[in-house]
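In the two complexes that follow, chain A is the common piece, with chain B as its partner first and chain C second.
Take a look at the complex of A and B:
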């Protein structure tokens, strides 16, 4: 291996990105013993360190360096961290959103109990996410996969009422069930190929049974049909921040795993990709329809996430270069825009003490900045130019029409139109219309600044679309397998 | 009988004899004597196991050594816990005397190398367990004890008949001669029948489905630290250990004992399924844990039945892990009972604020039981599944994998009812148990996490050091 100083530095950054949040999470309870401020500072610092380490890796991977770190384990279970363009891309997005969540939390969460556990779990979650994206060994990917499930179990059950705990247990059981199917799939690969190091398995064929077992795990995690119900349920769990963590970060794990396993590692049979497209199409329509009739603001956004995730699957599974690029860009755009929407919903809920959108109205007058941010994020999710969301959606459709079936395309078109409808409906009901008496004031500065930042980033990503698309284009050329 | 390990049998026995006399009117002295005996043994063993040079000089099979270590570890945790457990304990001296005798008997079971001595020790163990269950002299305790006695009594009959047949057909009880006979390839109908009877006896003693009726009652009825002792180690040594031993012997008779091995695997799978589903429906904490034990022992028996070297290693690994996490859960149930005055899960709730340490150690232990990585239970289960798959039992492998979700489900129910949820009356008044009572569970939780995180080293150690000294 290249032992030049820059490479050593990069390996160090790679290790830090994984180890800092995982080990640091366990220091948070001790920091709490010192003071609340020390704990909050530590949590935010850990988030930022992770983000910086991940970003540090960007230039290295663009220039094509192989950044690997491994510990040999018996039975082929080597612990391998490997940074390539795809993993760094995901790591940067998720650590960025998580850091922002941590900053926003300082204010938002300060009224509740169990704060120490909350910070510990968010940071642990971030660490497991980093471990997951950088693991090149399928088994270790599974290990981190379950760790994220554990963290989200505690986070969804943040409030301890019976209802919340029930939802938390549902989330945990559904995702663990999926993960066990995935483990079965991984074991099939293990016995079939005698190896589960993804770097060595690149371009190999995968049997349909193994592919579908792994897909079950992915669908359960990314809340796609038929496992979609846990996400809206987890969304009504008390903390909006928690909901955001799930909608903007957790579900991306499933999508990432799809891109990693079926996009850049194995070559799956064409029937398999077809099946994925149909499942995703159904998921897009069903959840969009659910979002149209829901009244709870957080459930609407959660259903919207389920529906948007399906578009990412469309991009990744079409087997087409353009669509794949679109799918990856979609991950970026959706994380930013959906993050913004959730944080807006958090402010609205905290200020109005209400989640039912039919009982809101006219909030634009009293909460203008939140309203503008909400509108900007909605436009990006809808895919209106010149927002970032437009380019990703456009590329996904462009690629998919080149070699997709008409039925699938029509389903997704319907889904896209419904997205427009439910987001407009929600915006209208919440911000427009008759102003209600005693409308609340704007949220705190930190919270409003976070949402405005996300909205503006969404806008500027559209303006500067050249850079992310250049990166993703390079990524697809370097890593993509079996793409037309 | 391995001479080198004789001290581990004799010293606790000696303490057991001394305690009733020396500490007659001084209960604290009894506490100290019992603890010191086991602590000395454990530190000695830990030194031996961790030091490669001295390890090489110790006689004895690797499996036996690891088991002796596990016995001391669990027994020390139980004894230390009991010393500070202010529950109704009528006779401290008798209690420690029985516990130490049972430790001696267990060490005898795992170090012997012939079936007859094994049987003797198992019977000593049965008598001490019977007496230990009655430490709680309420009607529940007596009911549990009587059930234990009546239901495991036939087991002894089966074993003794099997032993007589063994003596008649090959004229010896030793493991070695049975192994020689089986590997010689002669038609061995009688021997196999005898082995079948012995196996049946041990299956009853380990409480594998369909012979599990006694375990929930015995665990529920007995004094809480005693249930930890019984579930944590006694049932494993008096039943499962012998099953693994016999499987190691039977594997040599390629093909001849297929029916026996097949039955063993089937019963193991059945235990996993029945135990897990029954656990889902329990309302009493200790009963739920008992059914969970049945289900987990099923994994061990399933792997033992397969009998490939990897399966045996996996079974032993899971045995060790199960001893650690089940002891944590039972000791925590004792703490909970102490704090809230009940083991009925419906009456608890919201205990996590009152008892954070108990809550978190329970979470660690239950996640390990459910096989959530990176805790120790995940690795042993994974090894079992890989061994099953590689050994051709693919259906069993898939079922075993998917039943982890049921394990997780019943533990979620437990966690929700006891620690989460609305604060019950019990939680309002409850407070965390004292630090010495937490020490054993924290220690064992640390073992669970360490073994999980350091799995590769532990696995290598298991293969290179322990398994090398076994006849696989």
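Take a look at the complex of A and C:
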């Protein structure tokens, strides 16, 4: 192994990105003993350290360095952290959005109880996410996968009413059910190939049974039909949690696993990918329809996530380079824009003490910055230029056309049109129309600045599309398996 | 910097700058906007010259990954469009100098400049992704243009309508573009035109999708319904700029590009195109004829005229295509001028209601003359510009052999003239109301662009040679078409038919005017309230035929039906497992009743099963 100083530095950054949040999370309760400020600072600092360590790895992976760290375990269960372009891409996005959410939380969550548990779990969640993306061993990936399920269970159940606990249990049970199927799939691979180190399995075929078992886990985690409804139900959690889980990180675990396992490791049968496309198409339409029916602002955005996740699957499963690039860019654009939407919803919910959009109206007059941010994030989700979402949507569609299944294309066209409808409906009911008496004022500076930042990042990602697409293009060339 | 980036980047930068200028400053924003658009206009001239006398200016930069480049190319067709778009941006920014009723000035000029930038980008794009980027990018600013032009709730709703209609059709365009890119393996239009796509299977589907995008931008039936709404819910400069000029230019430009340059259409698709054109002409002009609001009447004509252009392109022969492109330019000129007269009248009288207006010619003579010229031009009266472009379209239509479309277009001309006779009579002639005793002529900044446009109507009529040589012939060459003899006045059957149409329209007006008891704004009532038509009109006014309203009414029901699927899966993953698990544990807990013999029986049964399994599959065998 290359022992040059720069490589040692990179391995250190890799270890920090995983260890700092996981171990640091357990220090948060102690920091709380010192003071609330110390606890909050520690939490934000851990988020930023994770982000910086992950970003530190970027130049190294672009230049093609192999950054690995492993601890040997018997029976091929080695703990292996491995940074390549895909894992770093995912780590940077999720740690960045998570850090922003932590900053937003300082104000938002200060109105509620159980704050220490909240910060501990958010940071632990981030850490397990880091562990998951960097794990090259399927078994360890599974371990971190379950750790995220645990953290999300606690986070969804942040409020302690019976209903909240019930929804938290639903989240946990559905995702764990999926994960157990996935474990069975991993075991099949283990008995079949005698190895679960993904670096060594690159380009191998995978049996359809194992592939479908793993897919069940992915669909459950990424809230895709038929396991989609835990996601809107988990909207009972505070908005920061929903932003973290539903937009930026948790649901992206599934698509990341898909990209990792079926995009850059195994070669799945064509029928398998085709099945994924049809499932995703149905998911896009059904959840978009649900978003048109629902009245709860967070449930609408959650359904929108389900619908958009389907577009990511469309990109990742279409089996060609353009689509894969589009799918990965979609992850980036959607994390930013949807995170922004959820945080806007948080401001709205906190200020109006209401979640029913039919009882809102005219908020644009009193909350203009939130309104503009909401509109900009919506435009990015709709995929309208000059926002970043345009490019990802275009590339995904282009890839789907290359794949050439007319039914799938039409389903996603319908899904994209419904996206326009539900987002404009939501915007009009919340921000336009008759102003209600005693409309609230704008949220606190930190919260409003966070959402505005996300909105503007969405805009600049479109203006500077050259850079992310260059990275993703390179990634696909380096790592893509079985892509046309 | 590359020359063709100027009309894109400069207005973009200026648009952001305008937002920083305080609202109360006078003329800073106006001067900035007109200066920048003047520069764009000059750039247009220069790109046209280099396209005519040398290689077109091009630009090619790496962009969105996957081999997608940001490629621009100013060939003579694109340069012609750039010139036209910049020309209208320039005139509108002058017109807006002293036109208060346009929303906040800074937002107006922001939207104007950014529309100029994106429209310039769209016409200059060589790469289809770049085209899509600029084309769809206009959506956001179409929305803000309308939404910020008035403070009313209605303007926000119309903005949403315009946004949604165009966003949906743009998505269709996007999918069409991806299919084209897949079939031809390139997104560069010059490459695609090297091996034109034919109308079979996927390519035919792609053409239809792209046609939807182009027709919607041009404001053709059935995507036009936001335009009449915008006439009442937005500002006059917006109407004169976007629906009357820029949108038409872009839509017809792209229609010509796809129908002639990228695809080789077949007879069936030609019929589709010509039918679309004819239906657009007739439906919109029928609606225009019965309107009693100055701007709303004009807005329906903006739709109807798009029908002529589509019909022209749909003929697929050089003279018809040239007519379509010429009509695109001419319509932008006189329609913009007409909207400007509407603005001047509204500014001075405070209304656009034809039942209140009247006799304004004596107090607003310049406006009145401009109106007369532009109205004569749109009605196709020789020898103004509208006559020549319509004549070319008629000829092209006759050459295709489908004369039914020719007659449809002639009926459209009859109704166009009839409605302008009504409009002109009601607004500028007849008796002036006492309320308008002190009405004065519009200010100079309003009159100047109006007069320039009226002058262009005359110049491109008498001197049709000029646009033919400089714009149309080079554009046809770019599209790889034969160049027919276009210019010149031909006193043939078509001319005499136009005279007959004029006479018929005048007679119709006199009849209607007399029947309505001398009220010019009611001169259409004898047709409006004819049996059958009356009921149809009543339904149309209630937006019964508006596809947008129909879809929006249907959406909740369809969504609720599909939502049932979501609830079904929720039942499968939530209620059902809970119930099954509950039933199972309930049953097994009832079995655990403490009875020793029962437990013993379970144990023995379990042991037997175990022995059976191991005996069959295990080591005993």
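Everything that follows uses one rule, which is that the second predicted complex is superposed on the first by the 477 of 484 C-alpha atoms of A that agree within 3 Å, B and C clash if a C-alpha of one lies under 4 Å from a C-alpha of the other, contacts with A are read in each partner's own complex, and residues count from 1 in each chain.
Going forward, a residue touches a chain if its C-beta (ideal position, glycine included) is under 8 Å from a C-beta of that chain, and two chains touch if they have at least 3 such contacts.
Bear in mind that the values here come from a model prediction, so they are computed numbers and not experimental data.
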item	value
Partner chain(s) touched by A:119 [first = chain B, second = chain C, both, neither]	neither
Partner chain in contact with A:142 - chain B first, chain C second, else both or neither	first
Comparison of chain B and chain C by chain A residues contacted	C
Chain B versus chain C as contact partner of A:191, first or second or both or neither	first
First, second, both or neither for A:96, with chain B first and chain C second	neither
Contacts of A:227 with chain B and chain C, given as first, second, both or neither	second
First (chain B), second (chain C), both or neither touched by A:262	neither
Of all residues in chain C, those that touch chain A in their complex	62-66, 129, 132-134, 136-137, 139-140, 153, 156, 160, 163-164, 167-168, 171-172, 174-175, 178-179, 181-182, 555-556, 558-563, 565-566, 569-570, 572-574
Chain A - residues contacting chain C, complex	170, 174, 225-230, 233, 282, 285-287, 289-290, 292-293, 321-322, 325-326, 329, 379, 382, 384-386, 390-391, 393-395, 397-398, 400-402, 404, 409, 413, 416-418, 420-421, 424, 428, 432-434, 465-466, 469-470, 472-473
Residue ranges of chain B in contact with chain A within the complex	350, 352, 367, 372-374, 378, 382, 385-386, 389-390, 397-398, 401-402, 404-405, 408-409, 412-413, 416, 420-422, 455-456, 459-460, 463
Residues on chain A engaged by chain B in the complex (per definition of touch)	71-75, 77, 142-143, 146-147, 149-150, 157, 160-162, 165-166, 169, 172-173, 176-177, 180-181, 183-184, 187, 190-191
